[in-house]
Amino acid sequence: MTSFAFIEPSLAQQTIELPSWAFGNSGTRFKVFGTPGTPRTIEEKISDAAQVNQYTGLSPKVALHIPWDKVEDYAALRAFAADKGLALGTVNSNTFQDDAYKFGSLTHSNAATRQKAIDHHFECIDVMHQTGSADLKIWLADGTNYPGQGDIRGRQDRLAESLAAIYARLGDEHRLVLEYKFFEPAFYHTDVPDWGTSYAQVSALGEKASVCLDTGHHAPGTNIEFIVAQLLRLGKLGSFDFNSRFYADDDLIVGAADPFQLFRILYEVIRGGGYGPDSTVAFMLDQCHNVEDKIPGQIRSVLNVQEMTARALLVDRDALALAQNAGDVLGANGILMDAFYTDVRPSLSAWRESRGLAGDPMTAYAASGYQAQIAAERVGGSQAGWGA
Amino acid sequence: MTSFAFIEPSLAQQTIELPSWAFGNSGTRFKVFGTPGTPRTIEEKISDAAQVNQYTGLSPKVALHIPWDKVEDYAALRAFAADKGLALGTVNSNTFQDDAYKFGSLTHSNAATRQKAIDHHFECIDVMHQTGSADLKIWLADGTNYPGQGDIRGRQDRLAESLAAIYARLGDEHRLVLEYKFFEPAFYHTDVPDWGTSYAQVSALGEKASVCLDTGHHAPGTNIEFIVAQLLRLGKLGSFDFNSRFYADDDLIVGAADPFQLFRILYEVIRGGGYGPDSTVAFMLDQCHNVEDKIPGQIRSVLNVQEMTARALLVDRDALALAQNAGDVLGANGILMDAFYTDVRPSLSAWRESRGLAGDPMTAYAASGYQAQIAAERVGGSQAGWGA
Amino acid sequence: MTSFAFIEPSLAQQTIELPSWAFGNSGTRFKVFGTPGTPRTIEEKISDAAQVNQYTGLSPKVALHIPWDKVEDYAALRAFAADKGLALGTVNSNTFQDDAYKFGSLTHSNAATRQKAIDHHFECIDVMHQTGSADLKIWLADGTNYPGQGDIRGRQDRLAESLAAIYARLGDEHRLVLEYKFFEPAFYHTDVPDWGTSYAQVSALGEKASVCLDTGHHAPGTNIEFIVAQLLRLGKLGSFDFNSRFYADDDLIVGAADPFQLFRILYEVIRGGGYGPDSTVAFMLDQCHNVEDKIPGQIRSVLNVQEMTARALLVDRDALALAQNAGDVLGANGILMDAFYTDVRPSLSAWRESRGLAGDPMTAYAASGYQAQIAAERVGGSQAGWGA
Amino acid sequence: MTSFAFIEPSLAQQTIELPSWAFGNSGTRFKVFGTPGTPRTIEEKISDAAQVNQYTGLSPKVALHIPWDKVEDYAALRAFAADKGLALGTVNSNTFQDDAYKFGSLTHSNAATRQKAIDHHFECIDVMHQTGSADLKIWLADGTNYPGQGDIRGRQDRLAESLAAIYARLGDEHRLVLEYKFFEPAFYHTDVPDWGTSYAQVSALGEKASVCLDTGHHAPGTNIEFIVAQLLRLGKLGSFDFNSRFYADDDLIVGAADPFQLFRILYEVIRGGGYGPDSTVAFMLDQCHNVEDKIPGQIRSVLNVQEMTARALLVDRDALALAQNAGDVLGANGILMDAFYTDVRPSLSAWRESRGLAGDPMTAYAASGYQAQIAAERVGGSQAGWGA
C-alpha cells in the first residue's frame, strides 16, 4: 500500500465547497425543526461556514442560492466573506418556489414563463460577475406527477432551447453545470432524471457546460462510481454535490449511509484524473441537517470526504493493475479493501496539527463555545430556511 | 367472465372514506402551491367532501386529523357533517409536528415525552367518543436518520408499552389501526417500517388492534397484494390507505401509477373475504393533490377504486381455480387479464344513473359551478394545509 | 378519442420480430424445465415461429443467436424460413458462454481475448450477409462482481476500441445496436449498464450504430418512456427488446407485469416518430417462457404489443396537447387513461378476421393441434436451450 | 471505545458454518464456469471446508444440501468429517429441481405433490438423526411468474399445513428454520417473500421453529439490522445465511458489497443478545463463488464476519446509550463510526497467532500448495455444482 507520507501533498490540494443553505433550517414536508443559533442572514451563514474552514482547512468557498442569499451589494458580501477567509463559490439558481413554475420553468409550454426562468438565470450570471463565482449550477424541479400531464418530448426540446439561451450569456470565465435527479419533487417524470440526459443536453451546449453529479440523485442500486468514471472519460464531469442516502434524496451527511461507496467514488475520481491540480471537477456538499447540529454536521462531512480521499489515495494502483490483469479477483479486491480498512484518522490528525490546524476538528469546534455564542446572540428575526 | 348485472349488488355496498386533509394544500419540502377555493376550516373541508359523495355516492365518511381538524364542539361538527350527508370517520393522530417529538414520540427514550404522545392519543379517543368514530389510526414519524442515533431495539420495546397504554383506553366500539411505512420522514430507520412489525405489535395488543396498509409505503418491487392476502388470512387487515406511487410515498391518485396493481390488490381483497358486508376492512384514501384540483382529484380517486373493484369482481373465480389447478399458466393469467381489460365504464355509468347519480361524476362536478363558487367565496383567512 | 377505423392503417404496418431462443427451454440458475415438443434445431424453432405469424400476422421475422443457431448453410436456412413465410432478422452475438470470457470479452484486458470476441462479431456479420439480416445486436455480459476486480475506466476505453473494429466491418446495409443492462450476470459493475453509456458509445461510432432498449434492463423505478422519448429525440433508438419484469431481468411476457407502462412506452414511441413507415425502430421480443407454453406465450406477447399499440394510437393527441398547455392535469391524464381503458379487443378481433386471420389467435392456435403434433414428433435428440 | 483485549473472550466463541455447495461450481443462468480442483464428492467438499477451518479456526461445521450431498452411509460421512475436525451442520432441503415441483412443492395445489415434498423433508430429518445435525433449513422456490397463475391465499394455507406435518416429525433436539426470499426463481410472487411471512408461519408451528435471515433476500433499501433487532426481540431469529449483494440475490462474499451494513447487522445481533454462549442464533454462509477461487473465497468470508464482529464488539455501548438518550445525533453516530473505522486487522492477526493459527489466513492458505494439489489430483469425474 502507498504510504501516508506519499499522499500528503495530494491531500493538501483538497477543497470542498460548502452550501450556504446547510447552515439554515431544513426538513421534510412533515416538519422543519428550528434550532437555537440558526443564521438569519447570508452573512451569518458565511460566518458559520468560516468555522468549518477554520477547524478543517478544507472549505475555503461557500456556494450561494438565489434568491435565498440575495443581497443588495454583492461586492460587500464578497469582501465580508474574504474577511472571514472565504471566497464565494457556485451560484445556484432556483425555479421551484415561484407559483409561476407550478408546471415547469425552463421546460414550460408557455414561452413567457420560460423567459421568466431564463431571466432568473441571467440575474444569477450577473451575480456571478460580482461575486467572482465560476459556476452556475442548474437543478430543475421541472417534471410532472401524472402520465399525460406534460409532453415529455416537447419539454426536452424546450429545455434545450432555454439552456442555450442561458449558456450564451455566460462569461468567458464561467461554467454551467446541469444537475440531474431521479425524482422529487416531481413524481411521474423528471425533465433531467439521469446522467445521460444531462450529458446529452450539456454536450449540445458546448465546452463550458458539464454535468453535476449529486450522489443522492440516483435509482436504487445505481453504480455511481461507474458514472463518475464514464463522465470523466467523456470530459463532462463538472462537479459533485456530495451527500448520502439510504432511500431517496435523503441529503444525509456524505459517507454516513455507505462509506464504502464514497470510497469507491473517490477512487474512480482519482483514477480518472478528476482529483488534483489539473482537474476542473469541483467538490461540493449539498446536505440537509434536519436533526443534527449544522456546523459540526458540515465539519463531519468535509472530514468524511477527506478521510475517504486519503484511503482512496492509499490504493496501490500498480499492484491493483497487476492483479486485475491476472484475473486475480480476490487479490484485486483485497488491494482495494486494504486501503479502505486502513484507519487514516491518526495520520490525518497528526498531519493537520503539523499544518497548524486542530488535530480533531470536531472536538476543537465543540470546545470553542461558538455554538453557545450564536445561540445567545441570534435572538429574534427569522431563521433562514428554504423559503424564498 | 362474470356478468356486470351479477356484481351490481356487491358494488352497491362499497364505501370509501375521504381524508379531510386531501382538500387542503399539500406539497413537497420544496414548495406547497396554494389554489383558489382551498378550505380554511374543517367545515369547508367537509363541504368539499360532500361534493365527492354527491356525485359518486361512494364516500359517506370523512376522516379527521388531530390537531389539524380540532374544534371546540365535535357534536356540532358531527351534526354539520350529517347535514351534508356525511359521517365522521377515522381519527388520525399526529405526533410529528411538535418540537418535543424531534427524536420520537411513542418510542422516545424520555418517559415524559412518551406520556405526552400517549396523552395525545387519549385526546383522540375522547374525540372519537364525540364524533362517533370507530377507528383510531396511528401513523408514526418515529425513526432515526443516522446509524447509532437511536437504540432500535429499545425503541421497539417502548413502542409496545406505549401502544398498550393507548389500547387500554379504547372504547368497546373502537379499533386501533397501526400504519407502517418504509421510510420518510426518517431516513435511516423507521420504527414501524413494514407489515411484519405492525402485525407483531398489534397481535400483542389484542383483537381490537389491526394493521393499516398504505399502498404507498413499501420498498420498491414489493408485492402488495401478497401482503393483503396474508393479513386477511391472519385476520389483521384493518384498513387501507389508498394512493399510488412511482418512487417513494408519492401520495398520487390511487390507480394513477399502476392500475393493474390496484386491480390485483382488490382481487386479493375480494378473494380473501375483505370486501362486502361481512368484512371489517375499511377503505380509505390518503393522498396529496399537489398540482391537480382537489375535489375532482378525490372524485377521480373513488371512481378509480370503484372501477377497479368492478373489474376484480368480474373475475371468473371458478374458471380461474380450474386453470390454476391444471397448471395452465397462460389460461389462468388470461382469465385475470380478461377482467382487467374489460371496459366497465359504460356499465358503471348506466348503473350510476339508475341509482339517481351522475353517469359521469367528473363532468357533472365540473359543470356544477362549485369550484368557481368556492374560489369566489373563500377569500381571506388561512388556507388549510399540513400545518398544526 | 380517435376512432378505431382511423388507426387501422397504422396497425397494419406493425411487425414484431421473434427471438428464436424463446422457443427453446430457459430457466433460472436453479432449474431449467423441459417441455414436450421443444425444438431441437433452428429449423424447428423457425417452424414454431411461423405458427405465431400464421395466427397473428404480426411476426414475419425471426432473430438468430450465434452460436445457438449456427448452421452450415445459411442460404438454405433463409430459404427454409422464406418457405414458412418468414425472413431472418437480427443476428445476436454471444460472448458470455466461452470460458475465455470469464473476465470480459470486448472489454477484456487481454488483447487476444478481445480479438477473439471481435472475430466472433465478424463471423456474425458474415452470417448477416448470408441471411439478409440488417441488424447486429450486441449485448455484453461483461462486468465484474467485486470492487477492484476490474478497471472500470480502462474497460470502457477498450470497449470503444473493440466496437470501432466491429463497426468498421459492417456492410452498408447493416446496423449495430448496442444493448444496455443494469446488472446480471455481473453483480458489481456492468460495462454497458445504462442508456447513457450505450448512447455515448454508439454516438462515437457513427450513424449506423444505435441503442437497443430492453424493457427489463433498468433500475427499479426507472421511467422507461422517458428514455424512449429521449433516444428518439437524439436519433439513436435502434430497437426494442420487449419483455416485462417485476424485480430484475425477469424476461416475462411483455405487458404481463405492468400493462400501463407498456402503453406509456408505446405512446412515446408514436409521439416521437418511432412508429410507422418512416421509422427505423425495430420491435423485437426477448423473453423466457420458463413455466408457460412457448408458442402461445409468443402469440400472447405479440398480441399484447398490438393491443397496447392500438390503445396508444387511440389517444386524442390534439385534445391532449390542449389540456397539457392549459395546465389541466386531470384532464390531460384523463385523455390518456381514456385510451388505455378502452377495450380494443373486439375491434381487433373483427379487424383480424377482415384480413383473413383468426379473430382470437390464442384459441385458434390451441385448437389447431400443432402442440400435440410437435410433442409427438419431436422425440429424442437434445432440446434447444441456452447452451452453446 | 472498548479495548481489544476486553473483546477477545467473546471473539473466541464465534463459529461460522460453511455451506458444502460453496466449494462446488455455481454461476448464473448464462454460464457456470468450472475451475481446476473443484470437488466431485461431498467428501472432497468437506476436505476443502476443513482447510477454511484450519487457517481461521472459525468454521467447525459444514452444512449439507440434500440431495446434492446424498450418500449411502451418513455415519461414515460424519466420521470422515470428524476426522477432518468438522461436524456436520444444518441440513438443507431441496424442492426446486424436480420436474414435479414446477408449480410448487409444499404449496402445490395437488396433494400428492405436497406429500412428495413433505416426504423429502422427512428424509432430511432422517439424515439429521444420522449426521447429528440440529437444524433443518427450508428455503422454498415456490411462487408464480404471472398474476393469476396461482392462488396466493390458498398456497399460504397449504404451506401452513405442510410445515405442520414436517414440524411434527422433528426430533426433540431439532429445529426448523424457515428462510424467506424476496424473489427468484419466481418472478411475480414468492410464497415466503419476507420476514413477516416466515415469522407468522413459524409462530404457528411452535418453539422449535424460527426464521432464517439470508442477508441477500430483501427488497432494495431494506433496513436489515432492524429485522435482526425485531426477530431477536420476538425470540424467533434462528439463523443467518450470510452473503452480500448489490442488486438482487447476488450471493457475493459477505461484507464485500456493503461492509458498513454488515457491521450494523452484527451490532444489532450483539445488542439483542444474539451473539455468545447464551444465544441459539446460528451463523452460516450461503454464497456463490462464480468467478473467484472458492476456498480462499470462504476464508475471506469468515474473516470478514470475524473482523466486523470485532468492530461491533468494540462499540462503547454505555457511551452510546448516553449520547442516544441525550439526543446527541452526531455524538451517537460518531461512537458507532469510531468502532467501524478502527482497523482491527493487526490485533486479530496477533490474537490468531497467540492461538496457534496463521496470522494472515489468506496468505497462509495460498502458500500451502493445497490449491495446486487438488487441481492436480481431482482430474476426471464430474465437478460438483447445483445439479441434483
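As written, the chain order gives the labels A, B, C and D, with residue 1 at the start of each chain.
The criterion applied here is as follows: a contact is a pair of C-beta atoms (placed from the backbone, for glycine too) under 8 Å apart; a residue touches a chain by one contact, two chains touch by 3 or more.
Just so it is clear, the model here is predicted, and its values are computed rather than measured.
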item	value
Pair of chains joined by more contacts [C-beta pairs], A-C or A-D	A-C
Option in A-C, B-C or C-D whose residue-number contact pairs overlap B-D by over half	A-C
Where chain A and chain C are represented by their mean Cα positions, the distance between them in whole Å	39
Averaged-CA centre spacing for the pair chain B and chain A, given as whole angstrom	38
Residue list for chain C, restricted to those that touch at least two other chains	102-103, 145-147, 149, 182-183, 188, 220-221, 223, 246-247, 256, 260, 291-292, 329-330, 333-334
Chain contact topology (line, ring, star, complete or other)	complete
Chain B partner contacts - residues on chain A that touch it in the complex	26-31, 33-34, 96-97, 99, 102-103, 141, 145-147, 149, 182-185, 187-188, 220, 245-248, 250, 252-253, 256-257, 290-292, 386
Complex interface listing, chain B residues touching chain C	220-221, 223, 246-247, 256, 258-261, 291-293, 296-297, 300, 307, 329-330, 333-334, 340-343, 345, 362
Touching residues on chain C, where the partner in the complex is chain A	102-103, 109-110, 145-153, 156-157, 182-183, 188-190, 193-197, 199-200, 218-223, 225-227, 229-230, 232-234, 260, 264, 268, 271-272, 320-321, 323-325, 327, 329-330, 332-337
